[in-house]
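Right, one structure below, let's go through it.
As written, the chain order gives the labels A, B, C and D, with residue 1 at the start of each chain.
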C-alpha cells in the first residue's frame, strides 16, 4: 500500500474505490454478480456466522456462482443472528435472519439462483445518513 | 526477617523479564504486562508478580493491589474448560441465574472454583455483548446461546 | 429471475406468530392453490417487522402494501381483492395515528424512518477490515477537510454548533470539552477514546468498533488536530477480543495509507493511536479512573477538578470521549453543524444508539433521533414484548439509570427528560421488563452489580451500596418493614449526594425510581409479604391442589426436607414452615397438583 | 496573591485562590469534621483521597454535596456546613462506616485515642440502624515483631498507604481488593514480616483507628519487674521526654525528664538509665569511624567508603537492607544507641554490680516501633540472651504509668542513676532530625582539629526541610553534610550514592519525618505538625540547659573507655558496639 499524500489524493482514491468496487464486480461477471455480506460481530460469530460465511465461500464457488462474499459489522438484528445481506444485481438488498446451513443452502439454491424469496427475510427498518449530500 | 523465596523456571523468569522489557520496564505499562503474563501462564500467581515487580522496579504490593482490583486478572489457575455464565442484565432477566444454579449443582462447585479433577471452572461475567442470544454461556472460546437450565447437562457432556 | 410476479410476506415474529400468523400463511396458500396461483404468487414467512403492536402483518410486494392486524379469515379477501383484482384493502391498511390517513405504500410510513443511522452508518454495510471500503464511503474525507481547509478553532466551532453531547452517559457538550482541552497550555496533550463499555446489557461501542473502527480513528485524529494533541489512546475492554483485533487491523491500514503517523496527508500534522486494555472494572468508565488505569494503577477515581482537560493522562491535558461520540464526528464535519443540529430535539441534537434487550422481541442495536419516544422504540422498532406478555418497565442507563413505566412511554427521549423521569440516558442500554419481573429483585440485581464494581475508595459507595443490597435482600426474604422503605430511600439519597464519582452518585437510581414507580409492589413485599411477580422465593408458598392430587406420594419422596405429609391415595399437604421452596415437588408432580401462591 | 471572597455559614471570608473550603472554614473558626484528611504541612505530607465523605458540605448551585478537603474555593461561593441536608448525609455516612466496624470499643487498644470513636461521639451517633443484618468486612490478623494489623478496623482513610508509599517509599502497603473488601495490606495479604516493611511505624502513627497498633510488650516488662531473680534496667530515648507529657494532658513540647525518671523508679525498675549515655558513646564510635574513613579517603585510599551514613535508626537500617543491599558497607558499623546501651549494660555494668547477664533484663523506652524489631535481631544477643530484652514505646509507657496509679503531674523530678544515666546535650538532640550529625560534628571537629569548638550550635543543620545540606568548616577542611528525614528523602540521597553522584562526606538519615520526635511509638499527633515542631524545640532547650554539650566530654564515657573499652574503635569496642548488615532483597530462585 502506498501512502496517500494529500486531500486531493484521498478524493481521487475515494472516487476510484467507489466506482472501482462496482466496476470490479461487474467487469468480472456482468450478468451474475452477487454480493453476500455476513454480519461478523461478536453476536453473529457467537451464533455461528463464521460457519455460514465459510459455507457461502465454499458452496458458491463449488456451485459456480460468481459472487463476492464479504464480512461486515453488526446490522443490529441481534435477535436474529446469524444475519446476512444478499444483493442481486439490479435489485435492492435483502436481509435474511436466523441463517443456519440449511437456510444458507436454500438462499443459494432459491434466492441467488432464481430470485425466489425464502423464509426468514428481515425487513430493514432504518435509514442511513446520506453521506454524499453535504451542507454547503 | 525471613525473605520469601520465589521459585520459577529460568525460561519463565526470562519470559516475564522479556515482557517487561518489551514495555520499556515502565511501571505505567503494568496492566499491559499483566495481560501478557496472564495470557501466557493462564493466571498470575505470587511468583509471577514478584518477578514483574523486579522487572518494572515497583513494589509488589502495588502489583498485588492492581491484580486484585481488576476482575479480569486471577491468581488461581482456571480449569481445563473454563465455564463463564453471563450475568449481564439482558441475560439475567432471561433466566441466567437459574442456569448458573444448574451449573453449580451439576459441577458441585461455586463461582470462582474449579472441579477436583480440574476439568471445569466456573465464573460469572457481565455482558459479552451477545444480548440477542441471552442467556449466554461460554465454555472456553465456544459460545452457547439461549441456554435453559435443561441444556446444562448436555453442554457438560460435550466435554466428557 | 423469479418466476413469481407477486410476493406475500407474512410476519413470523414471536408476537405475530402468537396471533395466528401461521394460520394466515396456511389460508393464503390454500386460497392461492384454489385459484391456481401458486406458481405466480409466493407466500414467505419473514422475521419480525418490529411492528408488533399492529400485528399480524402481511406485506405485498412489489407494490409495498402493508396490511396490519390481519386475521386468518382476511386471507380470502387479500387474494381475491388484491392479488387478483389489484385493489388495495383500505380497512387493513396502516393509518396514520394522527391524520387517520391510510398508507398505501409502506415506504412512506413513519415507522420505517424511525431509525436514522449516523453512528452506525457503516455498521453492517462495509467490511470493517478493509480501509478501502471505508474510504469509498467518504472515509477520512472529514480528516482531510479539517487538516487542509480548517483551523482548529473552526473545527471546534462546528462541533460546538452541532450541539453534540457526550454519549458515554454524562452528556457534557463535546465541543466545549474540546475547547477546554485546546485552551490548556502544555507541550503534550492526549486524546483518549473510552471504549470500556462495562454496563451490563450495553454493546453499542463494541458494535461500532467491530463494524466501523476507522470512524473512531478518524474522529480521534480530528480531535487531536483540534486540541493540539499528537497522541491518541483507545482504552478498550479486554473482554472484546474481536473489537481489539479489528482496531489493530484498522490502525495498521491507516498507518500504511499515512492517515495516521507523521505528516498526515502532507499537512505536517502528526497523530498516532495506541491501544490500552481494561481489565474488568466498570468504574474505569469514569474518566479519572480510566486515566489512572491507563497509568498502570488501580482504577480509582479522583476528585474533579482538576478535570482531565487540565491534568489527565501522565498529568497532561487529556480529552476523553466515548466511542459513539467520536463515531459521529466525521459526519458532523462533512455535513455540517446545521444539518446535525436539525436532527433531534431543541435540547438534544443528533441520534442516540440504544442496545435493546430483555423481554423484547427485537433484541438488537438501534439508532434513533433524539426525541423519539420510548413507545416507538419498544413497541415499533423493538417489536413489543416477547411471548405476548405485558410491558412492565424499561431500565434505561443500566445500573446507573432508573426504571420507567407505562406512564413514561410517550416521553421523548433526551438527556433532560430521562433525568426528570428519574432515570438517565447512560450509555444507552435499554432493558425491557415484563409482568414476571419483580422490581425488588431487579433493584437488588443492579445493586449486586454496583457492590461488585464499586472501587471501594469512598465510604458511601463502598459500604452504603452494600447496605442497600442487604436491605433489598431482607425485603425479598419477607423480613422487611414499612420503615425499611424509608431507610432505603434515605440511604439512597445520601449515597447519591455524597459519593465521590459517577458510579456511586448514580448507583441508587434503580432503587429510587423503582420505589417511586412501583411503590405498591414494595409495600406488598413488606406488609403483605407477597411478591406480585412471583419471583421472590421466600415469599412463595407451594400448595397442593386437592382436586388434582391423587396421593401418589411422589412429591413427599422427593422433598429434601420432609415438608410434605399424606397417606398413599390421599391428598397431600405441604408444611410451609418447613418448605424451603426448592420446587422439586412441583417438578415431580405428574398431575399438576402443586401450584405456587 | 490573588484572593477570592466566599461565604461560609453566612460569614464572608477572603482566601488566596487555590485554598480548599476546608481551610477557608478553618480561617473562620469553623472546624469541619473529617476522617481521612491529614495535612502535616511543615513536613510536606498530605493525605486527601476524598474518601471518607464526612467533610461534605452544601455548595449553592451544586447538584451534590462537596468534600471540603478537596474542593477549592471559588469566587462568590455560598457554603453551608451544617444544613439539615449536610447533617443527615454526614450522619448517614458515619452510620455506614460504623456498620462495617467492630463494636469492641471498650477493649480496643485505641479506645480513648481513636479518631473514629471521637467522631461518632461528636456527630452524636447513638445507634447503627440495621447493624444486626450488616455483614462486616473481615480479614486475617497479622502480628509482626513491631506492628499488629487488625484490618477489620480499617476505614480506608489511606493515610498508612500514603505514609508507606509517598512519604517513606517503602511500598510495603497498598490498597488491595475492590469494593466492600478493599483494604490496605502488604502483597498477597501476607504478614508484614514477609514484606519490605521497615517497621518505621509511620502507618501506626497516622492510623485513625485501631487497625494498626504496636505490639504491646508491657506485660513482659511487668513480669520481669515482679521476678525477684531479675535486675531490671531501663533506658529512655531522648525523644520520649519531649512527648510523654502529652499523654497526660500536658502541652506538646513539655519536657518531663525528671518526672519520667521518677515514674520509672516508682514502677519498680532497679536502675533508671538514659539511652542518651549510649548516644554519647555512639558519637565516640561513629565519630571516630567518620574521621578514620575521611582521612583515609583524603589520602587517596579508595577502599575508604565515603560518604559515611549514620546507623542509629533501625527503620533506616531495615530500609537499606531491603532496597540498597549493594551499599551495605556504606553506613557506619556503629550499633544504634539502644543496642550499645544493651551491650554495655549486660557486660560492663553487669560486671560492675556482679551479676550474670542472664539475670539482668534491659528494657528500653523508645519513640519507635522498629526498636522492637531491632532488639529481637539475632546478632544482638549472646547465647540467645538479647542485649535489650524488651522495647516499649512512649505510648505503652504512658499506659503502664496510668495502670500503676501514678499521677505523673504531681511527681517530683528525679535524676537518672549512674553510671549509665549521665549524658551531654549532644546526645539529647539525637531525637531531632539533624541532631545526630550535629552531635557528631561537635565531637569530630574537636578530635580532628584539636581545637575547642567556639560555636556549639550548628543551626545550619537544623530545620524541617526533608533534605538538607551544609558544609562545615573543619578548620580549613570543608566537610559536606547531608541530612534526610523520612525514608523517601533518604532514598533520593541513596540513589545519588549508588550512582556515584553524591557530594557528601557524611549523611544522617532518620526514617521518621522530624526524626525520633515524630517516631511511630510517640503519642499520636493526629495530623498536627505543630506538635512535632514543639517537641523538636523542647529537645534543643534541653540541650542548652546541659552543662556539658559534647559527647567526648561525658565523664562517664571517658571512664568507660578507661576502665573497659580502651579507646574508641578498639577491638573490644568493635566487638561490643559495632555490627554488620544483611541483604534482605527478595531472591528469585531458579528451579531446575
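General remarks:
As a working rule, a contact is a pair of C-beta atoms (placed from the backbone, for glycine too) under 8 Å apart; a residue touches a chain by one contact, two chains touch by 3 or more.
Not measured: the values here are computed from a predicted model.
Remark: the per-chain Cα centre closest to the mean position of all protein Cα atoms belongs to B. Sorting all chain pairs by how many C-beta pairs they have in contact places A-C at the top. Look at the CA centroids: the one farthest from the centroid of chain A belongs to D. Chain centres here are Cα averages; for chain A and chain D they lie 73 Å apart. Each chain gets one centre point, the mean of its Cα atoms, and the points for chain A and chain C are 26 Å apart. Inter-chain spacing, taken between the CA centroids of chain A and chain B, is 37 Å. Chain C and chain D have Cα centroids separated by 56 Å.
Under the contact definition stated at the top, the residues of chain B that touch 2 or more other chains are 65, 69, 71, 128-132.
Shared interface positions of chain A, defined as residues touching 2 or more other chains, are 42-43, 45, 77-80. Residue positions of chain D touching 2 or more other chains, listed in rising order: 175, 177-178.
All chain pairs that count as touching, in label order, are A-B, A-C, B-C, B-D, C-D.
Every residue of chain C that touches chain B in the complex is listed here, in rising order: 197-203, 206-207, 238-240, 276-282, 293-299, 314, 355, 357-359, 363-364, 395, 398-399, 429, 431, 433, 437, 442, 445-446, 449, 452, 455.
Here chain B touches chain C in the complex through residues 26-32, 34-35, 65-66, 69-73, 87-90, 92-94, 125-132, 134, going by the rule given at the top.
Chain D makes touch with chain C in their complex at residues 49-54, 56, 64-65, 67, 70-72, 85, 88-89, 92-93, 96-97, 99-100, 129-130, 133-135, 155-156, 175, 177-182. Partner chain D is touched in their complex by these residues of chain C: 281, 298, 300, 302-303, 305, 451-460, 462-464, 466-467, 470-471, 474, 487, 490-491, 494, 496-500, 505. Every residue of chain B that touches chain A in the complex is listed here, in rising order: 128-133, 136, 143, 145.
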